[in-house]
Amino acid sequence: MAEPLLRVENLKTQFFTDAGTVRAVDGISFEVHEGEIVGLVGESGAGKSVASMSLLRLIESPGEIVGGEITYKGETIFGLEEGPDGDLQRRDDMLSNEEMRTRIRGNEIAVIFQDPMESLNPVFTVGGQLREFIELNRDLAKREAKREAIRMLREVGIPDPEQRYEEYPHQFSGGMRQRVLIAMALACEPSLIIADEPTTALDVTVEGQIIELVDDLQEKYGTSFIWVTHDMGVVAEICDRVNVMYLGEIVEQAPVDDLFHATKHPYTNALLNSMPRPDRTVEELDPIEGVMPEAISPPSGCRFHPRCPDAREVCQRVHPEAKVVDQADGHSHRAACVKHDVFDAGYDESVPLEAEPQVTAGTPGGGEDR
Amino acid sequence: MAIGESQLDGDGGPSEDVEAQFGWRYTFGKVMQDTTARWGLYVVAFVLFVSAYTMVDSNLSRLTFGAVSDFAMAEALPIFDHPERIPPPGEIEGNVPPAFHVDGTLSHPLGTDPDGRDYFTRIVYGAQVSVSVGIVSTLIGFVGGTIVGAVSGFYGGRVDDVLMRLVETVYAIPPLILIIVFTVFISGGTPDITYAIIGVGITFIPVFARIIRSEVLSVREMDYIEAAKASGVKNRNIIRRHVIPNSFAPVLVYATLQIGVTILIVAGLSFLGFGAQPPTPDWGQMLNVSHGYMHSNVWLSIWPGMAILVTIMGFNLFGDGLQDALDPRTND
Amino acid sequence: MSRASELGSEMTGEDVAFGDTLVEVDGLKKYFTQESGLLSGLSIDTDEFPPISVGRQHVKAVDDVSFEIRRGETLGLVGESGCGKSTLGRTILRLLEPTEGRISFKGDDLAELDGEALRQKRSEIQMIFQDPQSSLDPRMKIGQIVEEPMRAHDMLDDDGREQRAKMLLEKVGLDPHHYNRHPHAFSGGQRQRVNLARALSVNPDFIVCDEPVSALDVSIQAQVLNTMEELQEEFGLTYLFIAHDLSVIRHFSDRVAVMYLGNVVELAEKEELFENPQHPYTKALLDSIPVPDPRERGARGVLEGEVPSPLDPPSGCRFRTRCPRLIAPEGYEWTDEEWEHARTFMRAVKRRTFEPMTAAETRAEFFGGDLPRGEAGEIVADAIDLVATDRDNGDDAELEDGVNWAGATERLLESFAEESICSQERPDYEIEPQYGTGVHRAACHLHR
Amino acid sequence: MGLLRYTVARLIQAIPVLIGITVITFILANLAPGDPVRLMLQGQQVDQEVIERVEQQYGLDRPIHERYVTYMANLLQGDLGHSIQRDRPVTDLVVQRAGPTLMLVVSAYAFALITAIPLGILAATRRNEPADHISRIVALLGVSTPSFWIGIMLILVFAIQLGVLPSSGLVYPWWGPDHYGYSGYPELLYQTIRHLLLPMVALGTLQMATLMRVERTQMIESLQGEYVKLARAYGVPERTILRKHAFQVAQLPIITIVGLNLSTALGGAVLIEYVFNINGLGRLLLEAIIGLDYQLIMGITVVIGTMFVIGVIITDISYAYIDPRVTYGDRE
């Protein structure tokens, strides 16, 4: 297979707070190939947004990328090596902040944020903001940039773009603003777009419009996407391959059809079983017990074991790294669960854990000892 | 603070009380965590102590401002009650420079004023006036403002319209000017500190009303108010159990900061001659007197200003710290 | 104190039997007066003083809605943001004053009740809120929160209330020992459980649930929904379940009402509504939801344009301005295909979605070269000329880029859209259900 | 709809406030206990006849609402009444004295804005670094120090000790160099600035401190905005983000504060004019109050109130100019 567009290996991003170190992203690895849409799915607190922002090195203090390697088109976005005194230090070939700004952000990797209401600056015209980004990332002169901006507005389905170019964000509806953000991303002609929950704030009919738009444009421009979402429905709809995150880790990685039809991780499975469905009536929902623990003090062994219906004694001890458990369509299907044979951790012999009835009725979430 | 506390615990106390993290003890802890706020609290406590002490300890100054003979005032503070320091009648020396000056004497650490009164004693007594003025006027504004603001915020509609229009208009006249005019007119041309306190208090009623109204309005928007309403809780109880405890905190912060502003304004009034009258030892009034001696005795102008500065800074620091501690954003 | 004996017991149907109508909403309207946007946000807020007289407008948030809810069932109310579903819920609860209409509950008209009588009635109707953060007073303990409605209705004595509160906390899946904790110590899901316990404390018959799970993560959502189901069974509750998520609605409701722009456009039993939707808006909604199955792709935005302003909603059928099946106006001779072309062209002109081109190009683009015959064709031709780049439109001041968009829009809307039955009559039809036997109402003229 | 319609609407809204100001002033002036004429004459022995004649002359014998109507009717023609003390039309006096006050207030504002905005931004971008701490301390001192005391201290240092700047009076450039006997316009300008410097700083410090605090908080908030994140993600240089994206949004509250604080500045001008012997409206007011010159007091209050309202309107319009959301309201 060809060299991937983006390769992330063992990425770790942590936040150093007064209460302790929050391991928001804890050693994730994935690849994005040209022209594919890769999903990053998980519940709130799984670390998916932090992971996506780490790719652009846009983590703000007290957060910091502390380990791993990010390679984009052969260039090192982030990489560490062991220095002469044994400490880890930044590699020489790692892009400088200035290079990240001028060469990567916008023109190579663009983003679409979740909240279209807040993402646009209220005091500038929509066209002005779009034009600024185009000028900056495509070296076009003002007039050409404006023409391009109007063209892009029309491309994303904004009626009467010449007129709307001069208007301010508050004059646009939520769906229209999200279209503007998509226009911004595409107008910079990047090879990769990170879409961070782009349809979460939108109504379902508008969400449908946006998904359709992205699908069409993706086909036309051949751009790759990292699609960050919590909605399995959206994942099924648009993604080619999917990474499921739980508490800072990728627990399952598979082509979309396999993820839904040959699920290999109990978390993914439980997530799918806990969802009501629009296409058929589910009489009984099967919820996941308890709540996701805080990333500041993750459980030992497998992080999902306190909530896992399949948990056995071994799961408390062994921390599974995702391994290839299956192959499909030339892509590997990875899962981080010791019940698969490749792990050889003695799952079958291990004693099943008593289902702990605590969690729903359990202790209130953290923050008590403040 | 007891108001909030009793609201919380007035229901036949639960047996195993987990500490109320939104309660006052928690707030106090957060204030003490913040260095600047802690220092603010120390300053405020110190100034309060000094003024309280001078009020309680001196039987001469009990009759409040201006009624005390100034020579007796110098005598009033026990720690400086050394015979050698009290100038016998007829030998009063005016404009003695402070102790560290070559011509200074230790018996008058900050020197004496043109009438030969010990300046340190007068500065200490000045705390009494400033603090009473700050607290009493703020209290008048607070109580009046609470009534107007709560009525306005709750009943809305026509009442709200009229009251807020009035508040707006009062806003349009600069407070200092309004207070001067008001004080002079109500006193019938003979201003006095009592009129100044009342004048400042009344003028700030609209300011408080506005703050309280907007607090009440924002609390009224909360779902738990609607929940209480939907549960059939009586309006009176919604106000008592939800609205007051929840809108109280920000108003308290505001009041703390307002004490500083009030002291500042009354100092200005006294400086112009519309507040405390001689011989009351008031900082602003002392600056008024010292204004005429700027060329001959520089120190007279410095100490009262410093005293005002430190006192107000104390209230400001404390208010800011309280604000941070009560800010829900820092509570997570 | 008569209710005291019911502590923890199941509701005994007082005068309404299970399956009979508990709540009946008839012709309910709720209009809000719109303050002029001109004056908002000023620093010395003189905001309400009318400057030059700007006429006040009405937002028709809920406009003539009728339905009934039967004892023991869950009626799902679904719609997109701004459709008026929350307003409807709050108006039924009389948290908002209805503008017009009747809300009959066990035979009393809630819209007529006032003051103390209404307050007394509130023990029988409760509400659960969407936002787990703001729905619990941060300064109260959860025990007090759960007891508050009981105190308001003088239920039980102090001990009895505490006992009942603890019992309810356990019922909703919380540890009764947390009676003395403050809400901020709980997660979103747990707070919604406290909300549930509060609502149940006075033993109500009817609970309005306003998006109770939409702020929660999927896995927590399922926990709370299951608890709500158990409680419904145990306490014989009737729910009005408001949500925007069709999947949750499908799982949780017995019957479903779909709202659009202040109107209920379709109402049917769950299975019937999802499997046999008869209103084009319901169909569009169902088509738009992404299904969590990659083998069933095709969730698409089939709707054009945006929801019109509730200040000035479309006449007749509210959905007609976006409806993909707008009925052809009478009086012209169309084939279906011709009407479809004309409709597409009309909307494209109205929304100015295409760049102006020559008349011939426009014709080719929208009509494949052949215009409809007869009068309709003439109107279309006129309109094409107005937006064509190769026609002289004179020096009208309103023209943009030499093209008369406004003129063409007016011509087309007047001749076609406004002539359609959809813009002339408000639809309301009953349909023979294919699934189940319940009534199926659809507000669409296709069923006339 | 555009800025113009907004401006018109805003002006129309100001009318009730302006009317309110006259009502309040009028009520205040009639609040005084006793007979205004007697008060005015301050115990001088005068015949009852004379008093009645004076009362009749000023219409004081008529009921209050009638007098108000007359007052308003005259006001609309630009007649603010007649100063008994000075026997001159109030309008003349006020117009003559408004210049210095405006000059003082405007320059103080200019000083405050020019210093506060860069310092506030610096503090926001260097959060929790020394620059931030220093600017916060300066801001704290600024809001805690009485402006008149700052004036006194400035005089002590720059006029009395160093002798480099004048301690009183202003030079009014509109009187021309010949009036002062200066060599020409350059010297006139130089002297104008020299005289203005100290009072400007004294009056401007409080404004500077307030604005600096707000600027800092607003910049911090604005820099955390989602739109800033987006700009960063698109490779916009940090400098541009600061100067353009974050700055514009952060200025909005500053504009509002500038307008509202005008009230403090106008009030403070009274004190500063007193300290620096400037013949502005403030001093005129003090003189009028001491002489209990009712019509003059009312006239000055109304004029200062009007100045404030005009100032707020100007800031509101500039706000609307920057923030398109304000004038929005009629699309679709």
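So that you can tell them apart, the chains are marked A, B, C and D in the order they are listed, and the count of residues begins at 1 in each.
Rule of thumb we're sticking to: contacts are C-beta pairs under 8 Å (C-beta built on N, C-alpha and C of every residue); 3 or more make two chains touch, one makes a residue touch a chain.
Here is each chain with its UniProt name: A = Nickel import system ATP-binding protein NikD; B, D = ABC transporter permease; C = ATP-binding cassette domain-containing protein.
Keep in mind the model is a prediction, meaning the values are calculated, not measured.
Shared contact partners of chain C and chain D are A, B.
Of the two interfaces, A-D and B-D, the higher number of touching C-beta pairs belongs to B-D.
Put simply, the C-alpha centre of chain A and that of chain B have 54 angstrom between them. Separation between the centroids of chain B and chain D, computed from CA atoms only, is 25 Å.
Computed centre separation for the pair chain A/chain C is 32 angstrom, with centres defined by C-alpha atoms. For chain B, the set of residues that touch two or more other chains comprises 21, 165, 168, 171-172. For chain D, residues touching at least two other chains, in rising order: 16-17, 325, 328. For chain C, residues that reach two or more other chains under the stated contact definition are 44, 46, 49, 181, 184-185. Per the touch definition, chain C reaches chain B in the complex via residues 44-46, 48-49, 90, 93, 95, 119-123, 125-127, 129-131, 134-141, 143-144, 147-149, 151-153, 158, 177, 179-182, 184-185, 195, 198, 202.
Only residues 225-227, 229-237, 245, 248-249, 252, 322-325, 328, 331 of chain D touch chain A when the two sit together in their complex.
Of all residues in chain B, those touching chain C in their complex are 4, 7-8, 11-12, 14-18, 20-23, 161, 164-165, 168, 171-172, 222-224, 226-234, 237, 241-242, 245-246, 328, 331.
Contact residues of chain C toward chain A in the complex are 80-81, 170, 173-175, 178, 181, 184-187, 189-190, 217-223, 225-226, 244-248, 250-252, 270-271, 274, 284-297, 299-303, 306, 351-353, 355, 400-401.
Remark: chain B residues 165-166, 168-178, 180-182, 184-186, 188-189, 260, 264, 267-268, 271-272, 274, 284, 287, 291, 294-295, 298, 301-302, 304-305, 308-309, 312-313, 316-317 touch chain D in the complex.
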